[in-house]
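Note that chain A is present in both complexes that follow, paired respectively with chain B and with chain C.
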Partner chain A sequence: MKKIKTLVLFCLLALTTVLCACTDDKAKNSGSITIGIAQDIDDSLDPHKMVAAGTKEIFFNVFEGLVKPDSNGNIVPAVAESVEVSEDKLCYTFKLRNGIKFHDGNAVTIEDLEYSINKFAGRDGGEPVSSAFLNVSEVNVISDDTIEIRLASADPAFLSYLASVEAAIIPKSNATPDTVCIGTGPYKYVSRSPLQNVVFERFDEYWGEGGDIKNVTFKICTNADTIAMELEGGTIDMCIHLTKGQKMQLDKENFTIYEGTMNLVQALYLNHSFEPFNDVNVRQAMNYVCDAQEIMDYVSDGAGSKIGTSIYPSFGKYFDESLTSVYDVNVDKAKELMAKSAYPDGFDMTITVPSNYEQHVDTALVLKNQLALIGINASIEKVDWDTWINDVYLGRNYESTVIGVDAANLSANALLSRFTSEAGDNFTNYNNPAYDEAFNNAVNATDDETATKYFKECARILNSDAANVYIQDLPDFVAINKKFEGYSFYPLYVLDLTKIKTVK
Partner chain B sequence: MGKYIIKKFILLIITLIITSFVIFLIFELVPGDPVMDKLGTRATPEAVAALREKWGLNQPFLLRYFKFLLGIFTLDFGTSYTYGISVASLLKEKIIINLCMSLMALAIVILISFPLGVYTAKHTGGLSDKIISPLNQAAMSIPSFVLGLLITFLFGIVLRWFRPGGYVSYKTDFFGFLYYLIFPSFALAIPKIAMCIRLLKGNILEEASKDYSITAYARGNNTTGLLYRHVLKNAVMPTVTFIGMIAADMICSGIVIEQVFSVPGLGQILINSISTRDFPVVEAEVLMIALFIMVISFITDVIHVIIDPRVRI
Partner chain C sequence: MNKIKLNNQKKIGLIIIAVMIVFVLSGFLNRNSFDAMNKDLILKGSSILHPFGCDEFGRDILKRTQVGMGISVAISFFSVIIGTFFGTLIGALCGYFGGIVDDFLNAIINVLFAVPSLLLALVFVSLFGSGMVQVTVALGIAIVPSFAKMMRSEFKKQRELEYVKMAKLIKVPTARIIFVHILPNVLETFLNCVFIAFNNCILAEAGLSFLGIGVQPPLASLGSLLSDAGGYIRSAPYMVLFPALSLILLLFGIGLLSSGESFHHAYSKRFKD
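Let's look at the complex of A and B:
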């Protein structure tokens, strides 16, 4: 009898263990979420060819570089387990993470690393994803799990270039990265359908903590007017980059609204080749008369952050708070400066704005009224996005424009290089030898401290020279159905799915 | 009949060639560049030049146009710049969506407006006429997209008969797909129903006051017999023409309604392709719409022959 009792007890124990294992297994969430995004994902699936900020924003979950940014703007190891930088800052040695796998189940090898680095740095005969990688002089495989990258000249921002989706590690065996999407991130790509959706699924063999929600569908919602209705109706659970108007339509009972910033430098960019704008008095007068706070009140209910120069607050150490108050509104001073300039009676100008960005169009409307106070008669010309790219950005055939400029990576370089006189993307035709010198000093600095000092100097020059009328880093609203929680903003244009969890 | 078809066919080809040329020309003249759209603002000049070469955008305008025309005749519309897949496969699903939506809307128009039109004509001045006529007036004056928003709000948010934006592909759930399309179809159909009722009623009343109707009355026909045997046949002709026009218009109105109901149809892809300068897609789609409209007008003509033996084509 005792034997039977023991046997039953043992069986029960075994059963409990098995069942426990089952429940434990089921504890991994099998839920799904649908996230509304405003633009279609029509880019190449090759991370090294991705162009649109909106594409990279969500593929941040699929691809990882040797290192990646975290939500505080720090650079943390990803595919590489650790990184060592030599004393002369010219050699970076990466150790491959042990046991890391691609989405197709294959282990990441040192050959994949070598192949990827050569591919995105343009060393395989193709184009580098960023001119910063032209600085790579050698890529050497040291052992089965160690690889080193040598630079021609020291660059304190080198790791931040490696932390972008454009510098992702992809398998060498994938012959068609354009259409077959394999990465190492916490989510794997499943499918996409033009103008309908993009589907991701949690990658259960991810090396890190990974995501909570199993299935993620990004629904393309091109019609801004129906987004709030779709949220309320339950077709989408979450939506990023909402406008003030959309946010206000939502029922606070059902949605959590997160407020952050878009990580853009929104400004009235001035074409310095256009006659009145080559006069510093005119530019300063315009800065004194333009009230960023009034614009924020009108465009986004007072939300947003003042900037004062071409650096936005999430850039942390490069951002100089004091620059935001240099041009506090002072109409008398503005009038004085105008009187000193060659245009005491004001002049006519055109603000060209891309019509698809409601915030920029609204900003231009407020600016028009503010500029009228000092006799500047601004007219607004709305153009479609492709025309804007062609005429304003590439053709530099415009007088002024309102736009938000973003950063490709977390180095100040990404925001400041375009104002050097020789830069190919210097669409404002800004030309200041003092700026060029400070910028060169920053780029050639061997230590981070000196680089930061000179980058801040650059930012100060842009401010004191009133290169443009700097306005704000636009506010960004994210709405999530209360069934979910845990969105977090990044200092870059990134949506991290692993932070989102189902409310138990 | 054979001669007529040949004539129509030649006309169709000429129309399509003119349309395609106009679109080609417009795309040549407007600013913007598909290459820049694809590569983004940080593209190097070398990459831009390479892609331009790949897409053949360096060739002279007329040469490109003739190459394109040649493609059409071999039913090859090329590859979408934006998506990198063939235009035909890109548009296939969209065509099915719009065709289903338009056909459903058309069926709704015919099924509702004919009986109601005849009924109100028969009971002019009665209570039903007094109720239907003002409703009709209201339905006619509300644009489809406003109606779309009202329908979404009432049936989607308040009554929860459908989930706004909850479109499902016909590949995953065909009946769910049809069910979802009922709502945009009604938004498309309601203003047209109102117009049809009014037109049909007017025509019936006009025909009924003509000499032949009075004669038929004199010969002892009752109102119902007269209406169905004599008057309706004549009164229905202008309505058939009108329905042909509606069918063509459904595709165009559909572009707006799609946006309201978030249906990923031809309209969304057309607007998107125009803004990204995805020329092959725009060209193929506009040609298809032109073709569709011509085919509808042809079908309308044939129906005329069937209804009215006096008409010869």
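Let's look at the complex of A and C:
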């Protein structure tokens, strides 16, 4: 009897599940998707305090600045409906978008704008989110829907600093932005369970086109080995930043694989304070002997794009294609250069790599074999991420390392400032007066054309001086279950949920 | 007279271990290099030149398994030497002298014993960096507590026996009593401990490598081979299969060798003869 009861109960349960699925299909735009992400989101919920790239990547959907980037790298209006830039490039006038609302239903007012700008620019006594905002000299409310920002000196890249999650507009009324998350983006934040998931929901009063899928759950998958299984098993519908190995495990019948780039400058970064690396001949020889194409073949099935300098291709106007072929593989030339240096017979060096990034460890393995061709004996030291951050990045206590460096916003400044001799994040200890001068010229240029010219000059110096062994912008694989479609890559490290749609 | 009689389990164990030794040594005849990459052979299956197939860099898995097993065994061998030396020394002192020496050393051992040995090794590796030497020393230290405990109880038992009392009476030097008189009598326990520790070491090293803190690439150990292959288990299952089989076989062989009461018989037989 008990068995029959259980059976009936089970059948009922199964039926309910099936029926639930039916209603789901009929109702339009009430679909849900589960997306696998590699790390827990344990940052502050205050966009002005977010640190991890992975946090900003998904909160791009929750927060918007006055302007925002689009997938082509253009800067388009967001909370502001329009922007006017004065003749002298010192005054930016923003017009508030009509009828725009926060996630709590309140309208965005000009006070909210003033409050947010003062907050992220560090004018309320706090720290500015980026040193670029120290340039803001005045924030004036002109009328109920107009606000102007005045700069102390012209900066052609100013709008690109504003087009980031760091410069989001948040409500003044929210006394605890650290824990209460209110923005203006197409998705609103619902909840978070530590080490489990983060839940977003579509914001139906969004000013723009908005998203298609109603419920979005980010499932935290810290175990890289199980991601492919979770995709195949259906616990997650989509996963970003897959490795070549994970991609290969997926069944092409069930998944669409999008291939783009990670928007990182992957290189063998050299510590210029370490003896052989202060010799330009050695550095150039290393560049001549390192074959980026071969690395791509091994590490990512031939995908990836060559860079040649600290700018990656998505940067459009700053990227100089010709620099990628300056150091085409030439072992004889490399040997000649080594003969000219103080180390004709080569030397020993250590490559320190963070063990959690498989692509960097694999790259180091291939590099080791390539460097052996000119007598450089490289040994590899795998360290955990915390050790890498402390010893290599902050402590600068290393010989060389393979890592990918990203850009916080769409200005060349974000990638190039770290190589000026005084920069706090100059972890390679690069020091070249010519570079400093070109960089200063670029930053102080009043018009975009001159700035671009000098930034390209900086990139050229890094290349001809062989500052590091530049390898590639890593390929990025995104897998989506065929039930969904429409992922698009950005020139920045962001995931735009509004592009993802349910297949009908 | 000196012949040690072995039971069938031990015979099979010895045969398996002999096969594994031949397998590792034949690596010297294998002309493939363990770190030479080849683009054309990426993830290629078995062939005559590469019977175990090739990995994601086109490296020969047979050669890597041979090298990896050699390194795993070498690490385990030296850690067992370190572990048994200190373990036996501490255990013998505790067990033989008792009293305050016992209390003091035993307290230290108990503290070490409370920490899981793999965790102990992890702490050591994170303090002194990863590498073959560090892993060997770390595993060696991890063995010490269990070895010391075992030896202590054995020495405590032997201390009360007539032959030790007699030896004391005729003023045989203490060191001689410990190492020449007692040690051979606890050899049975000692050898079993060594084999078990050796097995545990190979597993622990595989575990550490699996966590990415064992030997540094491109060098391989059984553990690092398995962890590298994990990501390709669907597309290239042979990458996991062969190193895993070798590891299982090796552990099985050692397990058989250390199993059962046979050593006792073998030795008592010897003494009778």
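FYI, the second predicted complex is superposed on the first by the 476 of 504 C-alpha atoms of A that agree within 3 Å, B and C clash if a C-alpha of one lies under 4 Å from a C-alpha of the other, contacts with A are read in each partner's own complex, and residues count from 1 in each chain.
FYI, a contact is a pair of C-beta atoms (placed from the backbone, for glycine too) under 8 Å apart; a residue touches a chain by one contact, two chains touch by 3 or more.
Note that this is a predicted model, so its numbers are computed, not measured.
By the touch criterion defined above, A:243 lies against chain C but remains apart from chain B after alignment on the C-alpha atoms of chain A. Once the two complexes are overlaid on the shared chain, A:256 sits clear of chain B and of chain C alike. In the superposed pair of complexes, A:464 makes contact with neither chain B nor chain C. By the document's definition of touching, of the two partners only chain C reaches A:294; chain B does not. Contacts of A:127 after superposition on the shared chain: chain B is touched, whereas chain C is not. Contacts of A:234 after superposition: chain B is touched, whereas chain C is not reached. Between chain B and chain C, B touches the greater number of residues of chain A. When both complexes are overlaid on chain A, the residue A:368 reaches chain C alone and has no touch with chain B. Contacts of A:194 after superposition: chain B is touched, whereas chain C is not reached. Chain A residues in contact with chain B (one complex) as well as with chain C (other complex) are 225, 383-384. Those residues of chain A that touch chain B in the complex are listed here as 40, 42, 44, 51-52, 127, 130-131, 178-179, 193-196, 219-223, 225-226, 229-230, 232-236, 356, 383-387, 389-391, 393-394, 408, 425.
Interface residues of chain C, counted against chain A in their complex, comprise 35-37, 39, 42, 56-57, 126, 129-130, 212-213, 216-218, 230-235. Per the touch definition, chain A reaches chain C in the complex via residues 224-225, 228, 243-246, 248-249, 294, 297-298, 355, 358, 361-362, 364-366, 368-369, 379-384.
Those residues of chain B whose C-beta lies close enough to touch chain A in the complex are 30-33, 36-44, 46-47, 82-84, 90, 152-153, 156-157, 163-167, 169, 259-262, 264, 268-269, 271-272, 275-277.
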